[in-house]
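Shared between the two complexes below is chain A, which pairs with chain B and chain C, respectively.
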Partner chain A sequence: MVFTNPALRHQVIQIYKQLLFMGREYPLGYDYYRTRLHKAFASQQHLTDEEQIKKGIARAEFVKKEIEALYFLKRYRTLRQRYEKP
Partner chain B sequence: MFRTALLRSARQAIRAAPRCQAPIARPVVRSSMFQAKQIVPAARFQAVRCYSASAGLTKDEVEGRIMDLLKNFDKVTEPEKLNGEAHFHNDLGLDSLDTVEVVMAIEEEFSIEIPDKEADAIHSVKQAVDYILAQPDAH
Partner chain C sequence: MFSVARRSVLRQARTPLRLSHPVTVPQYSALSRLLSTLAVLEQKDGKLQNSSLAGITAGTKLGGSITAFVAGSGARSVADEAAKVKGIEKIIYVESDAYDKGLPENFAPLLVENIKKGGFTHIVAGVSAFGKNLMPRVAALLDSQQISDITSIESEDTFVRPIYAGNAILTVQSSDSIKIITVRGTAFPAPEVEGGSATVEEGVDPKAECPTEWISEDLAKSDRPDLGSASKVVSGGRGLKSKEEFDRLMPPLADALGAAIGASRAAVDSGFADNSLQVGQTGKNVAPQLYLCAGISGAIQHLAGMKDSKVIAAINKDPEAPIFQVADVGLVSDLFNSVPELTEKLKAQ
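Presenting the complex of A and B:
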């Protein structure tokens, strides 16, 4: 493995951890989420250019927000279902 | 009610204390008679619990728990290679992302938080065991 920038490496690991942690509540199950997340990160392992890696981190941040939004939506839908008349 | 229990245990402790020292001076024959009585104060409950004391994990226990954790990890390609010295990458076929997952699982198992720098240095079962043993707040 090529160690490019240790700071960037830590950032990547950090976001990977955060995403993993968020996946615990994933509707399709943690294992589904974990394998896909792993694949997504592994597919980018050839990146060596710092700019590219930074872009990848930004994408991961974006995905994190998307997952957050997904959870809020799920919660909203569940609540709405409960309050609506059957 | 709690206070009375506390007082009672304290009183028992005071009463038990001289009894524990006594047998040293007594002849051997008589001490066997007292032996039965001495077991009772030994079993008294501890009034003071040290919550901040370390859990006192043994090396075997830590190793066993980490092994169990790895056994349940589905990405370990060669489970027969799993032993106390196994290297995550060379022996178990895990990549760096899997290592992060294993370290996270270890954090959860022992209810501690491993800082990134230390987490980065854990590459084998032995290193993980050593790290956990060095942490006083690991459970």
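Presenting the complex of A and C:
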């Protein structure tokens, strides 16, 4: 068993939980989102190099921002379509 | 706990103050009669830049008289051209090659001189490199607070503008005697360029020294519609893989549609496209009738610049791509096949 940096381990779990929480509002449903999120994290579980893990966390942060933007854009366009004059 | 209590006490103390002080300042009709707008027009190589005409539309909405201002070599012919635009009452021109490139160092004093002479209350320019460069300096010289990038006009001193990259809309009321405004081109339609008859008049030229010198510019030339005001935009992302593929696929499609070309930030950063084509928060804001994006899977952050598009169409080979969650129309297919096919079909029509 390789012991990785516990601080990094904490960060990874933290971002996973944050992403999971955001998935509750995903347009295609939570189950769709959770399986894919889990798969994405599981595919990276072999990483032991700290630099690689940090890169992975940065990517997760980026994805988080993208999902935030997706929700914003989706809501904005839906509201716009409803209020716009035909 | 304590802070909550403190806040509510403050709020209570403030309430009577607020009631004695009306939130909106009453509008006097006499004010609007005194209102006069100066729209700063942009010219390039003796040609009027149509994007700067949004300022005139904004002026029409403000009410009052509209004067246009243009300077540079060949300003007289530009002024004659602009005189046909509907809504303008008078055009002031200054003929001098010192103002050709619109360097703010000497253009700002020139404009200020003319503002003081004409006694204008609203100075309007478009949000372009020229307007963004010039207006803050003019505002500083007039000791006024500039109001940037407005999208609508509530009244003669109240304007609406987006803040935090469009995430919030701010309504702002200005108490300055001279209001310096830049207007977003996509929010104000261009006025009719025929049927007007403005008088043309020469303005004062203070001949201010310019500490900077124009050396050269390197512009991406294209005869396609301007990205900022195009009614159709096709845009490519990282999915196009290389600059060669971008140049091979996007221009024919754009020509077939009569559209402007845009690019996502990822594509610009990878060097596929020129950075003048970038759409998004850090790039250009567009609001076309049709926004077609090919090879953009995510990059939604950067697509926030096209959120006001009427229809968003997406081409991507990955059916799970998040872009399909915001697109109105989606096509799941390999863009290297479907884009040439689409181009062919459009040409055949």
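By definition in this document, the second predicted complex is superposed on the first by the 83 of 86 C-alpha atoms of A that agree within 3 Å, B and C clash if a C-alpha of one lies under 4 Å from a C-alpha of the other, contacts with A are read in each partner's own complex, and residues count from 1 in each chain.
The rule we apply is simple: a residue touches a chain if its C-beta (ideal position, glycine included) is under 8 Å from a C-beta of that chain, and two chains touch if they have at least 3 such contacts.
This one's a predicted model, so the numbers in the text were calculated from it and none came from an experiment.
Legend: residue contacts after superposition of the two complexes on their common chain; A:Glu66 is shown touching chain C, with no touch to chain B.
Touch criterion met: A:Arg36 reaches chain C, while chain B stays clear of it. With both structures placed on the common chain, the touch criterion links A:Leu20 to chain B but leaves chain C unconnected. Contact with neither chain B nor chain C is seen for A:Ala7 once the two complexes are overlaid on the shared chain.
Legend: residue contacts after superposition of the two complexes on their common chain; A:Arg77 is shown touching chain C, with no touch to chain B. Chain contact summary for the complex, chain A toward chain B: residues 1, 10, 13-14, 16-17, 20-21, 31, 34, 38, 41-42.
Chain C meets chain A in the complex at residues 167, 298-301, 303-304, 307-308, 312, 320, 322, 325-326. Put simply, chain B touches chain A in their complex at residues 74, 95-98, 100-101, 104, 116, 119-120. Note for the complex: chain A touches chain C at residues 27-28, 36, 63, 65-67, 69-70, 72-74, 76-77, 80.
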